[in-house]
Structures are given as C-alpha cells and as structure tokens.
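After this come two complexes, each holding chain A, first together with chain B and then together with chain C.
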Partner chain A sequence: MDLVIRNGNIVDGSGLPSYLGDIAINDGRIVRVGNVADTGTTEIDARGKIVSPGFIDPHTHFDAQLLWDGAAKPAIEHGVTTIVPGNCSLSLAPLKADHRMKLVGMFNQIEEMPFKAFEEGVVWDWETFEEFVTRIKKDLTINVAPLVGHSVLRLWVMGNESMHRTATAQETQAMQALLKECLDAGAIGLSTSFIDMDETLQPVPSRYADAAELDALCAVLGQHNRILQAVHEFYDNDITVARIDQLADISRKHKITTTLSPLFVNNDNFAGVDQAIARVVEQNEAGARVWPQVQTRPIDISFTFSVPSLLFIRLRTWYAVMRFGTPETIMAAFRDEAQRKQLVAEASNMMGLWQRLILRQVKTEANQQYVGKNLAEIAELRGTDALNVMIDLSLEEDLDAHFLSADMGHNNDEKVGSLLRHPHVMIGASDGGAHILSFSTYGDTGYLFSRFVRDNHSMSIEEAVKKITSDTADIWAIADRGLLKSGYIADVTIFDADLIDRGPEYYVQDVPGDGHRYVRDSVGVETVIIGGAVAYTQQGGYTDERRGEIVGGRP
Partner chain B sequence: MTGAKIIAVKLSAAHEGDAELIVDIRYSNGGITQVPLDRYASEALMTACTADTADDLIGHGWEKVRHALQVSYSRY
Partner chain C sequence: MNTVRKSIFPSAQDTWASIAARELDSTNTEESIANLQSWNLHVFARPPAPADSPRAGNPILPSDILFIEPPLA
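So, the complex of A and B:
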C-alpha cells in the first residue's frame, strides 16, 4: 500500500456513526476501510483523531490565485480538498485577449484582487476554457471543480454589447455552443449573477440577460447534467422567494440542480429566512432541486473614520460630524476639546461596543503593537478608556485606523445552526479568495466544528462532516469523492475534534505585486491528503505533492 | 401603498462587512416589509426626512424610501 492511516476515528461522510478503523490507500484511491493488515510505504497514526473525507468548498473565487498558487492557500490547511471557483458569473475563461483588462476590473471590484497582482502574478497564456484548465493543471495541489461564468460567455460572444443589451437569437446560440465547449473541457456548471457590479459600478454582463437566454443556457446544462449557480438579491426577502421560484421552474424544466447563494440570517429577518426556506422545501417537494447556500461564519463590520459608516447613525453628534465632514473637519472635531467631550458623552453608554472593537490595521510603526488587540486592551495599556482610544488612534493615523466590530450579523447561533443542519440547505458561501482586503474568507469549516458541533451542539460531528463532504459531492454531481469508501479517490482530512477551529484573522503580504490580504490559519487540522498523497501536515506545512485534479461533473 | 410608513429602523451587517440600515415599512393593509439601505440611500433618506438620527425616520412615508433608493441607484 502507498499509505495506511491507522486507528483513526472514522467519520466516513455518510452521516453514519463513527467507528475505529484503518484506511488503506493505493494509486490515489481508497482500497480498504476497516482493518488493514497490509503495511504502507507511509503510515500515519491517527489514534484519537477524526479521519474524514476532504472537505468540499462550493463557493469560492480562487480563480486568479490558482494562477500563482495551485494550493489555494490557506484552503488546504483548513481541511478543504476540493474548491469550486468561477462563482457569481465570473470565471477567468473563456476570455479573449481584448477582454482581459475588463475582466481584471470586474475581479478587482468584486473580489478586491489588486490590478498589480494580475500584472505581476499572471502570464496570460490562455483564451479558451480548455486552455485555462490546462494552464492551472500544471501546478495543482487542490482539486478544482470550475464553474464557467455567464458574464464571460456574454463578453466572449457579444463583446462590449454584453454590457448594454439582451442577446439576439444568434448570440444566444453562440453562447450555448461556447457553454457546451466549456462543459466538455471540464466545467462543472454555469454561474450567473442578478446583483453584481463591475469596476465602473455598472451591472455585470449576466444582468443584461433576459429569461430566454438563461433558459437556453440551462438547456445545455440539462444535456450535460450540470449545475446552475446564481447570486440572488439576498438582501430582499420577497425577491429571494421569487428567485427560488424561478430556479425551481428552471430546475424542473431542464432537470438540473440549481443553487443560490448566499442566504443570511440576521436578528431582524428570521421571518424572511423562514419564508425562503419554506419555499425551497415546497419547490423541492414538487420535484425541483434548489439548494440555498448558508455560510457558517458571522459577519463582521469594519470601518474607519475616513469613510462615513452607518454604525454611528443613531448617534446624532457623531453622525453629523461624519456625514457632513471632510477628513480635516472630522479630525478638527476630534481635537477640539468641547466637541470631543460632547462626542464622548454621547457614545459612552455604548462602551461595551467600543471595548470589543478590534484594531485591524494602522499605517504608523508606533501603533503596530496594538494591531489585533481590542480597544479595552489598548485602553488599559494607554491608561484611558476604549472610546478615547478609538479617537486617539484615529487622530494618530490621520483617520486611517481600521476597526472591526465582530459578530454583527448572521450571528444568532441557534438560528444559524438550525439552518446549517436543515436537510434542504447546503453549507457553503465561504467566498474563499474574495474580499481579500476586507476580511478573511478562510476557516469556515473549522468554525463549523468549533461553534456548531463542539460549543453549541447544533449537529453531531457525523452530520457536520456529511454536510461538507458527501452532501456537497452529491449536489454538485462530483464523482468518487466525499466518502471514505473503497474505490473512492483518497481525499482525506485528519483532525482533532477537540481542537479544530479557525485561527485569528491577520493581515499578510503574500499576494503578487506586494499585495496584502486577510487570512486565518487553521487550528487542529493535522494532515490533509489529496489524491492519495499528503498535501499538508500541521508539523511540516505544505508538501511538494501535486495531485490536484480538475473535477468535472458526473455525466 | 398610500399611507405606508416607516415603523422601525435597525442597523445590520451587510455581506461586504459594511453597516447598513434596515427600515421596516408598514402598509395600510397591515403588511410589513423590510428594506435594506446602503450608506448612500441612508444618507438620502436622512436628508429627505431632515433627520439627525436614525430614529427620526420613524413615521415618514414609504415614498421617501423609494426616493432614497433611487438616489443610491442613480449615482452610477
């Protein structure tokens, strides 16, 4: 055997109770689960640890990163072995040379991927989907199930007209042929968006499509048994329900799976989310396949005083200073003794909020020591209170001090937990690789286990593993992955159930062109195996193995 | 829609990590809906209602919310 994992607590992805056993792996596939008598060239002692299928992340934007980082770091160290990029109507192929900068602009707007990263990290040596897939396959550690974006299909066929009008019958036929070509080259499905905007704050091309165009493209998906992903108007309950109905009709007509993402639950929209889920159940019971995606992590609010934030809209004096102020007048107000006294007095009854704020980012060297600390901690070090520290730091940084208020939305554990566990909900929507300058999109799987399995007992570990392995593989028609079963491809994650978590968020410079992003390290993930080879260990980090594959849909 | 009014305002967290304002509107038939407003729409609504604080928005009519949304959309 190439590899034998011994004495692990096997959670096989089926949802059935865990059991003690060994796993034998040969030629990249699992050949035995249970008692393994043969010895392995490599042996891993998993005593006391959970051995599960590798996690599948169905909503990512790692498209660009895969061009310089075939491991999509730090996804793998969080136990993720398969990612789905190309969501929200945006993929990097098919793409004509003339449209490259347009797409870079869209990626910059939607994913916050810097222009410089494309300049310094990307050799543009592809146009077709097949050429792109061939390009990223050269150095792939993680498995990639790529969606093709509706906006780029339009851009290819219609050029700049894709951003102004509906398609003609001939153009729709050309898009159908192009989509077929992409599916044949390994695309797992099609993504579209009803809400995203490009770098000029105009609707992305997919938003100019009429229902007939989307229907025609879904007919092609039906012929290939592939999935449609859509970003819907998630901020509006009524339109969300209408989109569920639209996707259900498409699903039944073309016999395809559809998924919409994201679905958030805040304290003020329980009823709206309940209504959406009830409609999903109703439609699915009537033969549709509509899967809403729900993320595990809460939403944080970040702000600086250089850009007005609604966080202060209930504070009359603060809001007046910021709403009508320039950076100079805001700083003048903070410096003026009388105004400052008034501001502090008005906000002092919310001291609990200010104390919990975390200082995320500063530009001066002197204040770097405080980054990552909350304002209560910094206030103690400086001998003052949190509110005054927030003002002082903002002044010292010329208003460029970045603060974060954690857990401000999607943070009702009971409600989120019940959604994550719901049989008609897919766990996803991590957005891995997107919003890189705003917050970390990594570690949602660790958070699932730490928060909803270990802390809140919203679901068992078997249920949680099933949700992010075999359920995801089934929904996306990913063959031979998602279970620890003889004959399946050996994507395996070994972790400590008592420790697994997401680490703290931090800012790092690791994007080409000296670019930065927010990331989180993993906690408690010991070994990740992809395609039968060890891709990551907690002790040794990433290995040189490159067993990642392009994962197309099951025919 | 005549008579529909803002009956409550709440702060919420938008997907991108910004704060947004949610206004509850009650219609004359008793139905209630929620409308999320980004920073631009919120500022337009505050101006239209001559509000100094979010709570001053309560009692104003739905047409001001519609106007605020148009202001936000129209900036593109």
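So, the complex of A and C:
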C-alpha cells in the first residue's frame, strides 16, 4: 500500500456513526476501510483523531489565485480538498485577449482582487476554457470543479454589446455552443448573477440576459446533467422567494440542479429566512432541485479607505469617492470642508454603525493607544463624533487605518445552526478567495465544527462531515469523492475534534504586486491528503505533492 | 403551493409605463407607475445608466424580477 492511516475515528461522510479503523490507499484511491493488515510505504497514526473525507467548498472565487497558487492557500490547511471557483457569473475563461482588462475590472470590483495582482501574478496564456484548464492543471494541489460564468460567455459572444442589451437568437445559439464547449472541457456548470455591478458601477453582462436566454443555456446544462449557480438579491426576502420559484421552474423543465447563494439569517427578521426555506421545501417536494447555500460564519467587514468597501456601497457619495478616487483624491475629499460636510451628512443617519466600528490596526505610534477601542470610545476621548473620528484617523494614517465592523448579522447561533442542519440547505457560500480586503473567507469549516458541533451541539460531527462532503458531492454530481469508501479517490482530512477551529483573522502581504489580504490559519487540522498523497501537515506545512485534478460533473 | 407575491420578468423593451399598462388594472397611468415603482424599490432606486447608454433613463433590466402587487399582508 502507498499509504495506511491507522487507528482513526472514521467519520466516513455517510452520516453513519463513527468507528475505529484503518484506511488503506493505493494509486490515489481508497482500497480498504476497516482493519488493514497490509503495511504502507507511508503510515499515519491517527489515534484519537477524526478521519473524514476531504471537505468540498462549493462557492469560491479562487480563479485568479489558482494562477499563482495551485494550493489555493489557505484552503487546504482548513481541510478543504475540492473547491468550486467561477461563481456569480465570473470565470477567467473563456476570455478573448481584448476583454482581459474588462474582466479584471469586474474581478476587482466584485471580488476585490487588486489590479496589481493581475499585472504581476498572471501570465495571460489562454483564451478558451480548455486552455485555461490546461494552464491551471500544471501546478494543481487542490481539486478544482470550475464553473463557467454567464457574464464571460456573453462577453465572448457579444463583446461590449453584452453590457447593454439582450442577445439575438443567433447570439444565444453561439452562447449555447460555447457553453457546451466549456462543459466538455471540464466545467461543472454555469454561474449567473442577478445582482453584481462592474467596475463602472453598471450591471454585469449576465444581468442583461432575459429569461429566454437563461432558459436556452439551461437546456444545454440539462443535456450534460450540470448545475446552475445564481447569486440573487439576498437582501430582499420577496425577491429571494421569487428567485427560488424561477430556479425551481428551470430545474423541473431541464432536469438540472440549481443553487442560489447566499442565504443569510437576518437577526431582525427570522421569518424571512423561514419563508425562503419553506418555499425551497415546497418546490423541491414538487420535483425541483433548488439548494440554497448558507455560510457558517457571521458577517464581519473590515475596511480602509484606500480601497472601495462593500460597507459603503449604498452610500453613493462615499462609494464614488472610494471607487473612482486615488489615495490623494480621497484624502483631499476628506480635507475639503464642503466635501467632508457632504460625506458626513450622507452617513450621519448610520451613526450607530460608525460608533460600533473597532479600530483594528494603524501604522503610527501616536494612534496605537486607540487600537481595539470602538469609535464611540475614541470619539469621546477626542471630543468629537464617531464619523469624524473615522475620517480624522484615516487622514492621520494616510488611509492605512483599518476598521472592523463585527457581528453585522447572521450571528444568531441557534437560528444559523438550525439552518445549517436543515436537509434542504447546502453549507457553502464561503466566497473563498474573494473580498480579500474586507474579511477572511477561510476557515468556515473549522468554525462549523467549533461553533455548531462542539459549542452549541446544533448537529453531530457525523452530520457536519456529511454536510460538507458527500452531500456536496451529490448535489454537484462530483463522482467518487465525498466518502471514505473503497474505490473512491483518496481525499482525506484528519483533524482533532476537540481543537478544530478557525484561527484569528489577520492582515498579511502575500498577494502578487505587494498586495494584502485578510486570512485565518487553521486550528486542529493535522493532515490533509489529496489524491492519495499528503498535501499538508500541521507540523510540516505544505508538501510538494501536486495531485489536484479538474473535477467535472458526473455524466 | 402557498401563495406568494405576484411578479413578472420584464421583456427587453419594457418600461414602467409598458408594464403598468399591461399588468395593472387601472386607468390612472401615473398612479399605476407610481405604485409599480414603490413595489420595486430595488429597481427604482438603482443608479441611472449613463446618458450614452441604450437604456439611459430606464433602470429596468431584462433579468429583473418586478412585483406587480404590494407586499402580502
């Protein structure tokens, strides 16, 4: 045997009770689960640890990162062995050379991936989906089940017209052919967006598609048994229910699985999420396959004024200053009496939010005394109000003052826990690799076990593992993964049930072009095996193994 | 199925006026349009398209969902 894991507490992904046993792996696949008499070239003693299938993260935006980091760090160290990039209508292929900067702009606006990261981290040596897949396969540690984005299909076929109008019948046919080509090259499905804006604050191309165009593309998905992912107007419950109905109709008509994300718990309106889930159940009992994705972590947003922040997206003057400004013009706006007055006036009715903001990081010695305090406290010390203190600190720090808005919602453990456990809910929506300057999108799986299994007993460890392994594989039609079973591909995560967690969030410079992002280290994940090879150990870090594969859907 | 709020998918050329005329049972056009806009603030409050855009002045997108009745009680 190449590898034998001994004496582990096996949680096999099926939801059945755990049991003590061994796992034998040969040629990248599991060959025996139970008592293994054979010895392995490599042996791992998992005594006292959980041995589970590798976790599957169904909603990520690691597309760009995969071009310079085939491990999608730090996803693997959190136990994730398969990721789904290309969500929300945005993938990096198919993409004609003329449209590269347009797509970079959209990625920058929607996913906060810096322009410089693309300039310095990306060699643009592909156009088609097949070429892109070939490109990332060269250095892949993690498994990738890539979606193809509706907006990029439109951009390829319609060019700039994709940002202005519906498609002609001929263009729709061309998109259908292109989608088929992408699915044949390994795309696991199609993603679309009903909500996102591009870098000019105009709707992304997929939002100019009418229902007939989406229906035509879903007909192709139906022929290939592939999934449709949609990001919807999650802030409005009535629209969410209407989108559930729309996806249900598509699902029944074309016999495809659909998923919408994200679905949040609004602390002021539990009835909203209850109504959405009730509708999902009704539609699924009527023959549809609609899977809302729910994230485990509460909503936190960090920001500086040097980059546009989601927190300001509904404050038009603020957002325009951040989106279209340079550091110099932003600081000039803050210093200019008239502009500052206008900004303060626009945001003053949200004073409660500004008062709760925590100053998390500054660069000057003088302001270190305020780090960890909220803006209400700092404002009192300085004899002003929270909004003005936020502006003053930003000026004093040359915009390098970091603020944290914590616990903005989705943080009622009892409600979120019941939702995560719901049989019609998929655990997902981590957004891994996106919003890198607003919050850490890594560690949601550790948080699932620490918060909802260990602390709050919302579900058993077997249920939690099933939710993020075999359930996800089934929904996405991912073959031979998600279970510890003879014949399955050996993607395995070994962790300590008493310790597994997400570590604290911190700011790190590890993005090409001297870029930064917020990340979290893992806690309690001991070993991660991908395709039968050890990809990560807690003691030794990442190995040189490159067994990641492109994971297409089951035919 | 439980009753949910009635909605439509607009056609590519739809405007507030064309939807109001087609979907709402009223002879008062201005009132119908105002109702439609108030039921669909997610579209009505959208930043306007640039003046040189083919949809300048019309915030409705073909992928939108538009409600044609007020929120259910």
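Quick notes
The working rule: the second predicted complex is superposed on the first by the 458 of 555 C-alpha atoms of A that agree within 3 Å, B and C clash if a C-alpha of one lies under 4 Å from a C-alpha of the other, contacts with A are read in each partner's own complex, and residues count from 1 in each chain.
Note that a contact is a pair of C-beta atoms (placed from the backbone, for glycine too) under 8 Å apart; a residue touches a chain by one contact, two chains touch by 3 or more.
Bear in mind that the values here come from a model prediction, so they are computed numbers and not experimental data.
With both structures placed on the common chain, the touch criterion links A:F303 to chain B but leaves chain C unconnected. Look at A:D236: by the touch rule set out above, it reaches both chain B and chain C. Shared-chain residue A:N266: touches chain B; no touch with chain C. When the two structures are aligned on the shared chain, A:H410 is found in touch with chain B, with no touch to chain C.
Which of chain B and chain C touches more residues of chain A: that partner is B. Contacts of A:H435 after superposition on the shared chain: chain B is touched, whereas chain C is not.
Of the two partner chains placed around the shared chain by superposition, chain B is the only one that A:I313 touches, whereas chain C remains out of contact. Of the two partner chains, chain C is the only one that A:D245 touches; chain B does not reach it.
Within the superposed three-chain model, A:L499 lies out of touch with both chain B and chain C [touch as defined at top]. In the superposed model, A:Q202 makes contact with both chain B and chain C. Comparing the two interfaces of chain A, the one with chain B and the one with chain C have residues 201-202, 236, 238, 316 in common.
Of all residues in chain A, only 164-166, 194, 201-203, 206-211, 214, 233, 236, 238-239, 241-243, 245-246, 278-279, 282-283, 286, 316 touch chain C in the complex they form. Touching chain A in their complex are the following residues of chain C: 1-2, 4-5, 7, 9, 11-12, 42, 47, 49-50, 53-55, 61-65, 67, 71. Touching chain B in their complex are the following residues of chain A: 197, 200-202, 234-238, 262, 264, 266, 268-269, 272, 299-303, 308-311, 313-316, 319-320, 323, 408-410, 435, 438-439. Of all the residues in chain B, the ones that touch chain A in their complex are 10-22, 33-36, 39, 42-43, 46, 52-55, 75-76.
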